[in-house]
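Take a look at this one; I'll ask things after.
Chain IDs A, B and C follow the sequence of writing; residue 1 opens each chain.
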Amino acid sequence: MTEILSGNDLCLFRGDRCLFKNLEFALSEGELLVIEGPNGSGKTSLLRAVAGLLEFETGTVSWDGVPVRKNFQAFRSDLVWLSHRVGFKGDLNILENLKFESGLRDSDQTRLADVLERLSLSGIADLPIRVLSAGQQRRVALARMLLANARLWMMDEPFTNLDKAGQVLVKDVTREHLLSGGLCVVASHQPIEIDGSTRRVTLQ
Amino acid sequence: MTTASGNHPGIWSGLVAVIRRDVLLAWKRPGDVLNPLFFFAMISTLFPLAIGPSAEQLQFSGPGVVWVAALLAALLSLNSLFLSDHEDGSLDQLILSPQPLPLLALAKALAHWLTTGLPLVLVSPLMAITFQMPAGTISIMMLTLVFGTVSLSLLGSIGAALTVGLHRGSALLSLVILPLAMPILIFGARTVSLAAADDAVAAGIYFLAAYCMLALTLAPFATAAALRISNE
Amino acid sequence: MWTWFHKLASPPHFYRLSAKMIPWFAVPGIALVVYGSYAGLFLAPADYQQGDAFRIIYVHVPAAYLSMMTYMVMAISAGIGLIWRIKLSHAVAAAAAPLGAWFTFLALMTGSIWGRPMWGTWWEWGDPRLTSQLLMLFIYFGYMALRTAIDDPLKADRASAVLAMVGAVNIPIIHFSVEWWSSLHQGATLVREGGPAMPVEMLYPLLANIVGFTFLFGALVLGRVRTEVLFRERRKRWVRNLLLPDGDLE
């Protein structure tokens, strides 16, 4: 199978501290990459650096065989990002926030009703984000991922703030995404059990 | 790298989306729009109280006062330009979107102008009248303020992007941006003074327009670079 | 070319090389400044209009010139550091900024002292050069304030580099606008400092001082960059080896 997302000889510093060096990974269609490690080991930093929010000291991340820094636009149109800061405006309601997203990236608004239904957000779609619970806000962020036509999902601690049903939901949608040929990179301190091809990077 | 196929949003759609979102946010929180206006009015009131009520003196200092007040009011509001985006994670989403970041930065600055600069321009005649400014001068003043506030929103967006997420951000923003904003103040205020003295004003207006164009072209790139650095 | 550049930019190599370079800047710098100052203060004839007061230009002009030149050095090296990600370049910008602020302050102070007998006032808003120098000082302050406000040194480097480049675009515009601003009221006397009419006995010491100050500036920047490099690389092995008690301390 061909590698879609790969990292070569990656080294990352935060301040004076070297978080890791000579790190390698490769990911093909339908595969999940789990970044593991204790608190402070640099899981989030690695994830942010792969996405392009941080700069690696050395090394190259490639997407479809081309270094990301040479075709970052192609990479970003295939990328959707989820973290504990959900990236929605508290004063706007769910629909307004998701509509804004559709101006930024390729997304399928025809599925909007189905997605909201599945995430149990239908009844509250016109409430401002700020009155929602942290778990509900997480679900709206999941809606962004489901609506986006993006091959690569990057998730930072996707289970935080979610109840049992929510956690099952995250696993279900991730599994479906992988089955449809998507890729997923997850940073998590708790073990993730998703059947399918899983690769792991463990940071110390 | 073509993104035109399918239902990929076009190159301007991110810009439009950001402007629409920020204006909508301002609409939902009118305080954010009104506070700089009150601040503007307050500063304009300070000067007559400090200088004295003599009509001649007020007429003489009016252009400078209105311009200083507009500059400070615009700076006050610039501090929060990227603050909420940084705190709620929207900035991550903007940086990681396939839309070119300089265009999104331009959109943020334009939205700031629509919600701060434009209202300032619109209420400035009220201040001018209290400074006994004649009607002909007022229209020139509004024209200089249009170019000046657009330039300030753009220049200030660089400073706001550089200082977002820093503890002493607001004081620092003024320290960093004020010296760079001097040409806008000088040309803006002097042009209005010249207009009041029935002198030629074309040079000042051309300069402000040229500065505005330069800021429109270059500032978004600096803001985008600064945002990437500050958001690390 | 590139390999040479990267070798120069490697901190240990720079540290060794700069130690050899500093005397090449410091010795001619000191010689020129000693000659220029002595000749300027004692040998040059008094100005027929300004008397001995003109002699302050032997400090004022080099300082004013270096306040601009330092900003250029700062902005260019910050730009190189930002674009090609060369840390040494950022260290140069960081080292140059306080020097630039000092030169600007010196130019302002000498200008003001000179203005006292000439204009009868310590400060004359009508003089565009004083006003631009004052704005220049604020720009340096803004740059240094931004740098110290950011905790992560790498982030501080890159953020302040953006600011330095924005400033480099703005400084000519600021100068132009201040000139235009002061040209509108005719009250101020424009000052003739130098110019082709200056006799050679006055001019040569001035040129010597300008060149000498520049050399001294070079030596100071190198020295400051060396400390900056040592501090930044304090966790690296080469610095530890260098600073071991039995190591070579040069």
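We take it that a contact is a pair of C-beta atoms (placed from the backbone, for glycine too) under 8 Å apart; a residue touches a chain by one contact, two chains touch by 3 or more.
Because the structure is a prediction, the values reported are computed rather than measured.
Colleague: In the touch network of chains, how many steps separate chain B from chain C on the shortest route?
Modeller: Minimal hop count between chain B and chain C: 1.
Colleague: Per-chain Cα mean versus the mean over all protein Cα atoms: which chain has them closest together?
Modeller: Answer by centroid distance: B.
Colleague: Averaging only over C-alpha atoms, locate the centres of chain B and chain C and give their separation in whole Å.
Modeller: Taking the mean C-alpha position of each chain, the two centres sit 32 Å apart.
Colleague: Provide the C-alpha centroid distance between chain A and chain B, rounded to the nearest whole angstrom.
Modeller: Whole-Å distance between the two chain centres: 35.
Colleague: Where the CA atoms of chain A average out and where those of chain C average out, how many Å apart are those spots?
Modeller: About 48 Å separates the centre of chain A from that of chain C.
Colleague: For chain B, which residues are shared contacts with two or more other chains?
Modeller: 232
Colleague: Of all residues in chain A, which are in touch with two or more distinct other chains?
Modeller: Counting only residues that touch two or more other chains, chain A contributes none.
Colleague: Which parts of chain C, given as residue numbers and ranges, touch two or more other chains?
Modeller: 152
Colleague: With touch defined as at the start, can you tell me which chain B residues reach chain C in the complex?
Modeller: 158, 162-163, 166-168, 172, 175-180, 182-183, 186-187, 190, 194, 203, 207, 211, 214, 218, 222, 225-226, 229-230, 232
Colleague: In the complex formed with chain A, which residues of chain B make contact?
Modeller: These residues of chain B touch chain A: 1, 3, 6-9, 13-14, 16-18, 20-21, 24-25, 28-29, 84, 87-100, 231-232.
Colleague: Any idea which chain C residues touch chain B in the complex?
Modeller: So the residues of chain C touching chain B come out as 82, 135, 138-139, 141-143, 145-146, 149-150, 152, 155, 158-159, 162-163, 165-167, 169-170, 173-174, 176-178, 180-181, 184.
Colleague: Per the contact definition, I'd like the list of chain A residues that touch chain B in the complex.
Modeller: For this pair, the touching residues of chain A are 51-55, 71, 73-74, 76-77, 79, 81, 83-92, 96, 100-108, 149.
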